[in-house]
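Each of the next two complexes has chain A plus one more chain, namely chain B in the first and chain C in the second.
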Partner chain A sequence: MTAQEVRLCGLLLREHFGEVVEKVGTHLLRSGAQNLRTIIHETGISLDLVKKSLCVLVQHGACVFSSGRKGPGSPTEYQASSDRILRILRYPRYIYTAKTLYGDTGEIIIEELLQRGHMTMSSNVKTVADRLTQNMEEGRSMDYSEVSSAFSNLVETHFLQRCPPLAGLGTTDASTPATPATPANPTTPSFPDCYKVPHMTLIGRGKRQLSSEDGEEQRNAKKAKLDSDTHGDEGIYWQVNFERFHLHFRDQAIISAVANKLDQTSSEIVRTMLRMSEVTTSPTATCTKPLSANEIFRSLPSSYNIPRPILDQYLTLLVDDPMEFVGKAGESGGGMYVVNLHRALANLARATLESVVQERFGSRSARIFRLLLRKRHLEQKQVEDFAMIPAKEAKDMLYTLLSQNLVQLQEIPKTPDYAPSRTFYLYTVNQLPTARMLLQNCYKTVANLIERRLYETKESKRLLEKSQRIEAILASLQASGAEPEQLTEVEEMITAPEKQQLEALRLHINKLDSAENQVDETIFLLESYVNSTATPAS
Partner chain B sequence: MAGKGRGVAAFTFNIEALGIGRGSMPEARVGPSPLFPSTDFKPVPLKVGEDEDYMLALKQEMRGTMQRLPHNIKPQSNRAEVERYTERYLKQSQMDDGEWTPDWKLFPKELMPQKKKPRAKAGTKKKTVKLSRKDTDDMLSKLDALAKKGDGNPEKSDDETEKKPGDEDEEEIEGEEYDEEDIEEENDYIESYFDNGEDFAADSDDNMDGEATY
Partner chain C sequence: MKMAEVKVKKETNLSDPAEVENRIKELCQQFPHGITDQVIQNDLPHLEPQQRAMAINKLLSLGQLDLLRNSSGLLYRLKDTQSASKMKGSDNQEKLVYQIIEDAGNKGIWSRDIRFKSNLPLTEINKILKNLESKKLIKAVKSVAASKKKVYMLYNLQPDRSVTGGAWYSDQDFESEFVEVLNQQCFKFLQSKAEAARDSKQSPMVQRNSSFATSHEVWKYICELGISKVDLSMDDIETILNTLIYDGKVEMTVIAAKEGTVGSVDGQMKLYRGVNPIIQPTGLVKTPCGLCPVFDDCHEGGEISPSNCIYMTEWLDF
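Our next item is the complex of A and B:
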């Protein structure tokens, strides 16, 4: 965990779970695996609160526990993982994707699951049905079976998965994934039944939540809900399968890149290829399984009406493109084609790096950067010649890039004693370390954005509270049917300059929030690239 | 360093090889770089569109919701005595909304909080039974010691000994349970006494004769 990651995780924990969980979480991130007593001793927080915070962290998958390292008798140890906490940034994107794929029902299922960490299918279905019923017109309610079928669809396409079963802590069962004998691996290994929908008896419709005046009835309704709680799927908890969402985002990124570089039809072809290989490709595969041109032709959406020879031409174009999204793997069946996933990710990351250099240092520096990426190692003189930039400016730009660590210097000695006058000094760009560095910059950026937003909110706290109070007063007045004069009188309690201030504040906060979402897209690309280059642990 | 003197910077190697002339060195730094340096190139404006707006709304909603959920732990949960009374005498259902019990099968047992009112939990543990047996002896000796103090404690200790053997399902650490029992017994009012947060100390003196039952 780098310092930037820990700082960002701390801020995210604070915003969503409160300061106590933040303290416990950052302590765990910094110190590795620890047992309960050590945590209490080192953070100075009371036993009660530490226990609750650990429960919250484990519930959301941010922390795993295992029996201690010293043997079966030692106290359980807790270990937090920053990856899982950083996913919180991406929650809106997950929910939005679920909405585009599975409609409002899917959206709310994913949202509820993300908010609560993990839930049983029955409780999830009930909560979702209630929420959907709230938004429907009077008299209509959402049937549980509809929600259940949406849930099952999500499980079938692997967007949801079961939580891995845990062995009891007394046993030394090393086969369960919860015991981090291996370093904390955020990906849950697939065990049998991972995607099996349990048989559940749940019949009914969503309940509309009654207004708060009817407190008694609400309590009784709640009691009734609690009583009929067993639905045949106790102990089976579901969580969101982030990896599957990431695969989806990756595919989307590749398709939009092809659409930008070539044209819409090529992107449709690539989309078809990716869709056909969804189930046959493993998440860490370098490229999809080979597909023959005949198969692709058959699976193309009919609305596109591409005749066979045109398809062949498009495929040849895609293969010849320097971005190397599609590769040819053989000649049988009219040509076997694969989508090069890792290479596509590397190219997308490279494009991100180039664009960063361009936006920070100008297009001529970007030209030098691209040149170095392509030609690997160049001397000072060669850089000036190839980039066609006057010597003095080229030196200046190279020096700036060097000081920002985007470009490195490689020494090649002619003599064993590294004498400076007899050594070649070559400029070079290493894509992977540079990508990692930019990734850390992104984390720092998001952390800064969050801090700035918290600062802005704190500065105008008084004003925000006042406006909230006035809104509450207005709402209650309207509910109890007040005259317009009373309403305007209350509205005028906020003066015009205060209104302006509030507007400006809202604008700033929206901008900062939106910026966080968009930096997260870059984070996703760079993270996927870095992870794809990691050699798989054997 | 060779060639040091007369304020001229000297290097151990021939700088010409790097292509940087003596004259084109940037000025020496006189301190840390400024915190907000002025940039030549302003950042690209954010993407705007329906998708971005929707995700922005989702993000803000999610933040608000998560801050209201019971997962969000407020640091001042250990309040002073006055507020705890209020908490306890409020209608129980209002407290239920703030509670969240995880499924203990998935969590290590040591994370279970102590309950103020002992509730029957599934699954007994031999360990606690043994503890309670041992405790009875401790309790008896403690009883004798406390009886000498003579301020109502024997009554309290009796309750505790009754509860302990009878309640095999508690997995508490001893000391903390006793503390909570103490505090529970300190007041003389029945559970249904409802007070809305006024000063308990003053009221208790006034109403002691009328309300207290044993």
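Our next item is the complex of A and C:
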């Protein structure tokens, strides 16, 4: 829970849930597990608001509660986890993935679930159907069964999972000393029925909302939905399985790396292998389960008509490649092959580090960096000789890298007194600590981008409000059937330079948004690498 | 007087030092490879060790004898007259310094080291060195490792590679442009070979094998290009190819090759192949913060902050 992580979590909470939740959330992040009374005392927020904030955090899985330190009977303690809050940054990527895999229906299911945190299947299906119906042409509506089948598909491929059975989940009163069950780690559900779709009686079609006074209608309709209709799946709440999405992203990264390094066909073979081992490999496995060449041959997509011996050649080439994405695990069944997941992640992280050094300091510094990664420890003179860079420049570059902590110095004394003239000084690069450092830099960068975005919005607040007012006036005029002259008169209330400013502002905000997503990709790679090297708790 | 034909032992007058010296000189002539103390003793059994030592020292100082050491002891050899004449007019100290420099061979020796070996004061050394240089017996060569350091070696010797730096240095300057040009040429060659292999659309194994080039092939290509004024050896080309590996543009494998195939060294051959990077430039560097030189000083509310960052402003308006 570093300072940068807390700062970023605070900004994300503020944007998505408001300032009160941000205060409570950051307080919990900084101070660890605390009970309700302490939180109220230290943040100075009223009991009511604190309860509501904790409710929001628990609903989204950012906070868990367990019985106090002094044993059962003592007040429950609440603990926030920064990982879950940082996932908010990745929501757009999850939604986009669902869209590519399962179409618009899948996209809206995931979006709704991400917004609400936990939902029952029935309420989700109804909401999604209504939304889809909204966007369809007049007279057509979305059938509940279609949405249900999309939902079931998502569950089958483990993208959605049931929430762990904690009693009292979803109620508004978060301070009840609920029976806290399994040491709450909602990210690794190890209970049975995790992916079982409940039998649910839900027949009907999506309802279209009327466009006028839709705000009122929606609220009434929502209230009505909550009260009536039980569909046989009460108490079974669903959440998005982030781990599964992460595995999918990781597979995508490996496949595109293979496509860049080798060629399209090799990447297709690797994609097939990864698809076959999607549900059989555990998330923390070093490599996938061994697959025989026969199985791979049978599972290749039919569009790739490669004969068997050619497939064998491709597999051999993949195994021989220095990047070691694929390894050979045996000879039975025509050769057993595995995908080396941890090694692939390490290679991707390494490429990320090299790319950062290259863009920031130039290609010659990148040459020195790669040289040190390969050769581990080198003296100053050796670095100059291997990299074929003049001595003065090499020295300069090495010292710059050293001051940025990308390169470390190892002293090896020849004599017991560490006299500088009689010590070896070796330069070295440690991949894991450097990756961690870059990860923190990424968090800081995203926080900077968000702050800049908020600043830009604040600067142009007056202009934005004016344009919103004008849009509202225009909309009401159009609805009540005004003449074109009135419309143009209203439109001209915004002057041309103001329009330009608004346009520039829109561009800036878009750029900052997309930059956040790009940095998030780097965060994902580095986080996966750091997590893969963590030794599993025994 | 040729003593080789007449095997008459001449009675030497042991009390006359000049006679002793002459005798020793004759012995040296008899054994051109050098004589040991033992030989002299055998020849002049009644010679006292002290007198023998005096005679030898005299001859050494006159520059007519050379003192050598082999595994069994000291050897004395007659110096040939030509080199003896060179040293005429120089005194002992100069001869000593000259000998030290000669021993250093083609690596040369630094003036401080000469001082250590001869135990002469610095001023003397400098005088002698100037003297010898003016007589064109030694020369000073600037070392490439430390540009202020000068090493001395005999006039007619070629300096060693470690001093001049080999093919990459001309006049003590590292030729970075030359290295760059070679770097690019090698890379282009390997890249075009890899592309040709990819376009040939044969089976993948054949494709990959034909995209490889041995270090010998690259060496021949560079020689034929004729961009180098200096002759480059295969080792030099391999160092260039290694820098391409550290640039991440090329990968290398080693295969076993039959002895005698062209370009193989000790039964192995190194193969090089152009490769593509495995990822695009990462997301972090597409933002101004990823490249910012004052990243660590940036805080909200400080002098440098995201709100007033000029790099961001430039980037947003781009």
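Please note the rule applied: the second predicted complex is superposed on the first by the 502 of 538 C-alpha atoms of A that agree within 3 Å, B and C clash if a C-alpha of one lies under 4 Å from a C-alpha of the other, contacts with A are read in each partner's own complex, and residues count from 1 in each chain.
We adopt the following convention: a residue touches a chain if its C-beta (ideal position, glycine included) is under 8 Å from a C-beta of that chain, and two chains touch if they have at least 3 such contacts.
Because the structure is predicted, anything quoted here is derived from the model rather than measured.
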item	value
First, second, both or neither for A:Asn405, with chain B first and chain C second	neither
Touching partner for A:Glu111 - first (chain B), second (chain C), both, neither	first
Chain B versus chain C as contact partner of A:Glu359, first or second or both or neither	both
Touching partner for A:Ser53 - first (chain B), second (chain C), both, neither	first
Partner chain(s) touched by A:Pro75 [first = chain B, second = chain C, both, neither]	first
Partner chain in contact with A:Cys442 - chain B first, chain C second, else both or neither	second
Touched partner set for A:Thr423, first chain B, second chain C, both or neither	first
Which superposed partner A:Phe386 touches (first chain B, second chain C, both, neither)	second
First, second, both or neither for A:Leu348, with chain B first and chain C second	second
Common ground on chain A, meaning residues reached by chain C in one complex and by chain B in the other	359-360, 391, 511, 515, 517-518
Chain B-touching residues of chain A, taken from the complex the two chains share	15-21, 36, 46-49, 51-56, 58-60, 65, 75-76, 91-93, 95-96, 111, 114-117, 163, 166, 169, 219, 222, 235, 237, 359-362, 380-381, 384, 391-392, 395-396, 399, 419-421, 423, 425, 510-511, 513-518
Touch list for chain A against partner chain C, complex	253, 256-257, 260-261, 263, 265-266, 310, 313-314, 316-317, 322-323, 347-348, 351-352, 354-356, 358-360, 363, 366-368, 370-371, 374, 386-391, 438, 441-442, 444-445, 447-449, 451-452, 455, 504, 507-508, 511-512, 515, 517-522, 525
Touching residues (chain side chain B, partner chain A) in the complex	11-14, 17-20, 24, 26, 39-41, 43-44, 46-47, 51-52, 54-56, 58-60, 62-63, 65-67, 69, 71-75, 77-78, 93, 96, 102-103, 105-114, 176
Interfacial residue positions of chain C with respect to chain A in the complex	168, 174, 176, 179, 183, 198, 203-205, 208, 239-240, 242-243, 245-248, 251, 253, 275-287, 289-291, 295, 298, 300, 305-307, 309, 312, 315-317
